[in-house]
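The same chain A turns up in both complexes below, where it pairs with chain B and then with chain C.
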Partner chain A sequence: MESIKKQNKLPTIVGLAILLCVMPFLVKIVVGNQYPLLIMCIILIYIMAVTGLDILFGYSGQISLGHAAFFTVGAYTTGLLNIYFGLPLYLTIPAGAILSALLGALLAYPASKLKFHFLSLATVAFGEITYYFLYTSPGGFTRDYKGINVVGISFLGEDYLRWYFFLLAFVVLILIGKISLINSRVGRAFLAIRENTHAADGMGINVRKHKIIAFTVSAFLTGLAGALYVHLIKYISPETSMQKQSVLFLTMLLFGGTASILGTILGVASIEVLMECIRPLQEYQMLLYGILLLVVIVALPGGLNGGIKNLVSNRRRKKAMKELEIAAQAEAEARKDGDE
Partner chain B sequence: MFKILLINGLIIGGIYALIALGYSLIYRASGLMTFAQGDMITLGAYLGLTFFRIMHLPFFISFLLTFICAFLVGVLLERGVIRALLDKNVIPIYIVLATIAVSYIIQNSMQAVFGTTTLRFPQVFGVSTLTIFGITAQTEAYACLLISLALMLMLHLFMTKTIFGIAMHGAAMDPMAAESCGINSSLTTGITWGLAAAIASIAGMLLGPMYGVYSTLGSVIGRKGFAGAVIGGYGHIYGAMIGGIILGLIETFVAGYWTGTYKNLIAYAVLILFLFIKPTGIFNEQAIHDV
Partner chain C sequence: MLETNKVTIRFGGLIAVNEVSIRVQPNKITALIGPNGAGKTTLFNCISGVYKPTSGEVLLDGRHLEGRRGFQINEAGITRTYQVINLFWKMSVLENVLVGMNSRLKSNFWDSLFSTKKKREEEQRIHKKAYELLQFVGLEEYADAPAASLSYGKQRLLEIVRGLASEPQIILLDEPAAGMNTTEKAELDILLKKIIDMGVTILIVEHDMKLIMNVSNYIYVLSNGKLLAEGLPNEIQQNPDVIAAYLGGDD
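The block that comes next holds the complex of A and B.
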């Protein structure tokens, strides 16, 4: 039996890289205006945000139904720091991510001892509290329901092509960071906690500490995504912290497949493209989204990534079976010839 | 002032109690969380409106029809969606997400059918306001209080005095033991979901005359209702009732005496407080299906 060939991933990666770099130019030429590029930029930002959620849920098994709160807090922090104190963006954007991370750590401390259902309720409550706090802030410092208008990044300006590569760099760095985190001791601790918290505890893993780390890193990434988002769109309102957005993030994560790099990318890209496709239907957009969501959940529980993995493994299995059959037949023939 | 706040607190508390009841019933029977309850309220309000205003049926008949229709929707949800997902052995979060999807579907289909303007319930009773114990309030508000209390009482009697109710209770406590006693636990689970939906729809029909009917009527109240369930102990039926009333009272009194701007925030603050400090609630309900 020949040994299983080791998969050579390099050509795939190179091919993907070339595709990613060439795609925006093609899109711009084919479509003519910048709108699809904007969508691609938003996809990149959501990939960052959902990667954060993946670290929390996909790898550590902690459900968060209020993640949009971190996204919005990151956005508001950078916007308000810029508006009120005139701080430059290269300070406010990290500040947004850091404040979001601190909030995550703060939430994680008591939340890390909650079990599944209760944790999800706590995150829902957290998301709602954030929403109402932003909506009717003390002294109106968040400009309440009106939202805030912020400046864009000056050297990127209005050129979404530049934004695309700027964000692509971020996404690549974050994904590399994610891979190294997963392969590190901390990452393995996450997986252990996800599979069986008690066993992990028994193996000497400080469960609480790692849960807090997961929350903090997750909040940092999602907050960073939010901070970049607000400077791309140049506007943020409390609505972005509503449950709808949190559910969208979770949908993207689950649709693509949890605990995987490709899954996050596929999930975000497909859901966002889908949303754009049904956007012209205006009032039926959310209805279709709900129906689609339900259909996908019932029909494809592993997400796209799970579906693809199944497909690939099925084909490989069939190929191996066929080879076995051919080999067995050849042997039978040889034996018959030998007998004669 | 105190008396007005007390009555209002009890009224909204009654509504929260009904919602929380649904959550605890479902959790007890299936060990699952659902985000669709809030939209069962909305559904109930719209159904009630259809029967009462558009089809001009008498109020009591509309009431019963709404109850029955919502019950069927609940059973359909359990059989069609929840059961299908449970059979596939998916991770529990998918089921929660599925209920969220159902909630979106209900919300937006109501919006598609009825539009986005707030519809008015025609006056149900002859007199528009009543004065009891020196407190004047809408007649519908008093009716709401009365009906929610009556509903809780009927549910209590159903669960403890009727054979079927006891069977449901048993199936919820231990499905395998119940099955070996001859109880069809799959049937009782379906009926539990139906019951929860029907109760929520009644809450919707009670809210409709007070607040008008719009597509997001139930969603905020539905989410806040979680707090009521957690306060009493998530999964504890009577705890849910009491927790809901307590939540209503806390919300109204804090809004009345301290600040009205953060009224909606109060419920979530209470929820998070209880989750962090005493997740098992007042009645020390240990979570039945633990991860």
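The block that comes next holds the complex of A and C.
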């Protein structure tokens, strides 16, 4: 049965790979400037960030309303290490992700005891603390409200085509890692905790340890996304750690559908493109997130991914029904013929 | 092998379990019976690490278990099922059993992340074993279905097999026959004996007296948190205190 699945999946993967490789060139030719490529790069970065959130929220059932804080911690760490110590990027970018992961673990330690709504409040508080810390830091080492400028990655420069493939490599590796982790004892433990924490404990799962793992992995990915983001945009300010950004990540995740690979990608891409289309109405961003979340909760509980799945299975069911009908008809006719 | 020694559990002013001492003999079926609210499930929760006893000891082969957390008790070799079914509803039947194996797995986080050879071999092995366990209770045809889609009786079977997946020394069954029809109950009777044949000891709470008198080797009767009587099934059936308190006395 598994071999059939693999055979069916291979052409899809190859097709997807070709599409992903050809798309940026096509976009560049059709539009004639680099701007859409930049948006595609941002989509790739947000896919990493939201993948982090999905592992925490989608799989383990632990809400975080402060994930933008991990994003900015990653970004500021790499930026500040560069500015103050002139360390090379291949050290500072991982450093950003690792510091973010450590903070995630630190936050998870007390947070793993909290139930859903208390946890959401704790993560909101974490986001606010990060914001105010960056905004008025001791001695102003984070440059406070001005934010920080970084030089970017020299071999990528402002060639967004190169950036695209650089980021695509990261995303592919991360998604492979996600699939591998989810289809393991760790992934099953995450799901078990989400489904029934009490029973998970009784069945030998160290609930606390796995919640901490989920927080750490999640913060690592979101921090890494932030560390890459700052070099792409070359600037970051404390504003990025505000509630708005955390809500954006959550909206992307819920709109696409939680606990899946495709859902994250669909959610990020569709919301980001939508945001670009309504750029003139930026003040209404939060309003739009709210409306989108309502639509998802009421009309599409599984997000885009869930909607597509339902559509496919419905169509399959209808097809199967039709085939049965045809078979029944054929049989009836055959019987009639036999009678005559 | 498993024993409780004067276990008391107090919730505020309420004494749910009062100095209860029981002994579970290896490879036997020991039953815990008593009217509703007698403290049977509370005692179960205490043994399996949900509650910490206010006083008293819980011992497994002489090792202290009181105050340890649920997953540690599971690692020590005690697993359980629940009175109110506690499955991982959206996960498949097979995945439920795989989760049950958690405390016997060797691969760590990095093996899981990078799909090392160790992880892949282990996954293959445990998938096969989980499938065999499902065959053991006749659930193999539902392996890929979500646990929530099973009938009530089959959900109870899945809980038992999920518990057995951790290769326990003892399984605590909390009202396994509740919600089962007559056929399923008859099958449960056979299953319990098969579990004993596997080398797993059983401690069971059940209201179905026919089942209890049929399968158990030794019975403890709880009433109002206290141990009322203990003995062999026929002794319990004839015990006037038990009859008064439970099997329908004068009042």
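Note that in this section the second predicted complex is superposed on the first by the 315 of 340 C-alpha atoms of A that agree within 3 Å, B and C clash if a C-alpha of one lies under 4 Å from a C-alpha of the other, contacts with A are read in each partner's own complex, and residues count from 1 in each chain.
Basically, a contact is a pair of C-beta atoms (placed from the backbone, for glycine too) under 8 Å apart; a residue touches a chain by one contact, two chains touch by 3 or more.
If you're wondering where the values come from, they're calculated on a predicted model, not measured in any experiment.
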item	value
Touching partner for A:Leu250 - first (chain B), second (chain C), both, neither	first
Chain B versus chain C as contact partner of A:Leu293, first or second or both or neither	first
Contacts of A:Ser184 with chain B and chain C, given as first, second, both or neither	second
Contacts of A:Ala49 with chain B and chain C, given as first, second, both or neither	neither
Touched partner set for A:Thr136, first chain B, second chain C, both or neither	first
Residue contacts with chain A in the superposition, chain B compared against chain C	B
First, second, both or neither for A:Met203, with chain B first and chain C second	second
Set intersection of chain A contacts, chain C complex versus chain B complex	none
Complex interface listing, chain A residues touching chain B	57, 63, 65, 110-111, 114-118, 120-122, 124-126, 128-129, 132-133, 136, 243, 247, 250-251, 254, 283-284, 286-287, 289-291, 293-294, 297-298, 301
Sites on chain B touched by chain A in the complex	27, 33, 81, 84-85, 88, 90, 92-94, 96-98, 100-105, 107-109, 111-112, 223, 226-227, 230, 234, 261-262, 264-265, 268-269, 271-272, 275-276, 279, 287, 290-291
Sites on chain C touched by chain A in the complex	48-50, 69-71, 74-75, 79-80, 82, 86-91, 95, 98-100, 102-103, 105, 107, 109, 111-115, 119, 123, 162-163, 166
Contact set on chain A toward chain C in their complex	177, 180-181, 183-189, 191-192, 195-196, 198-207, 213
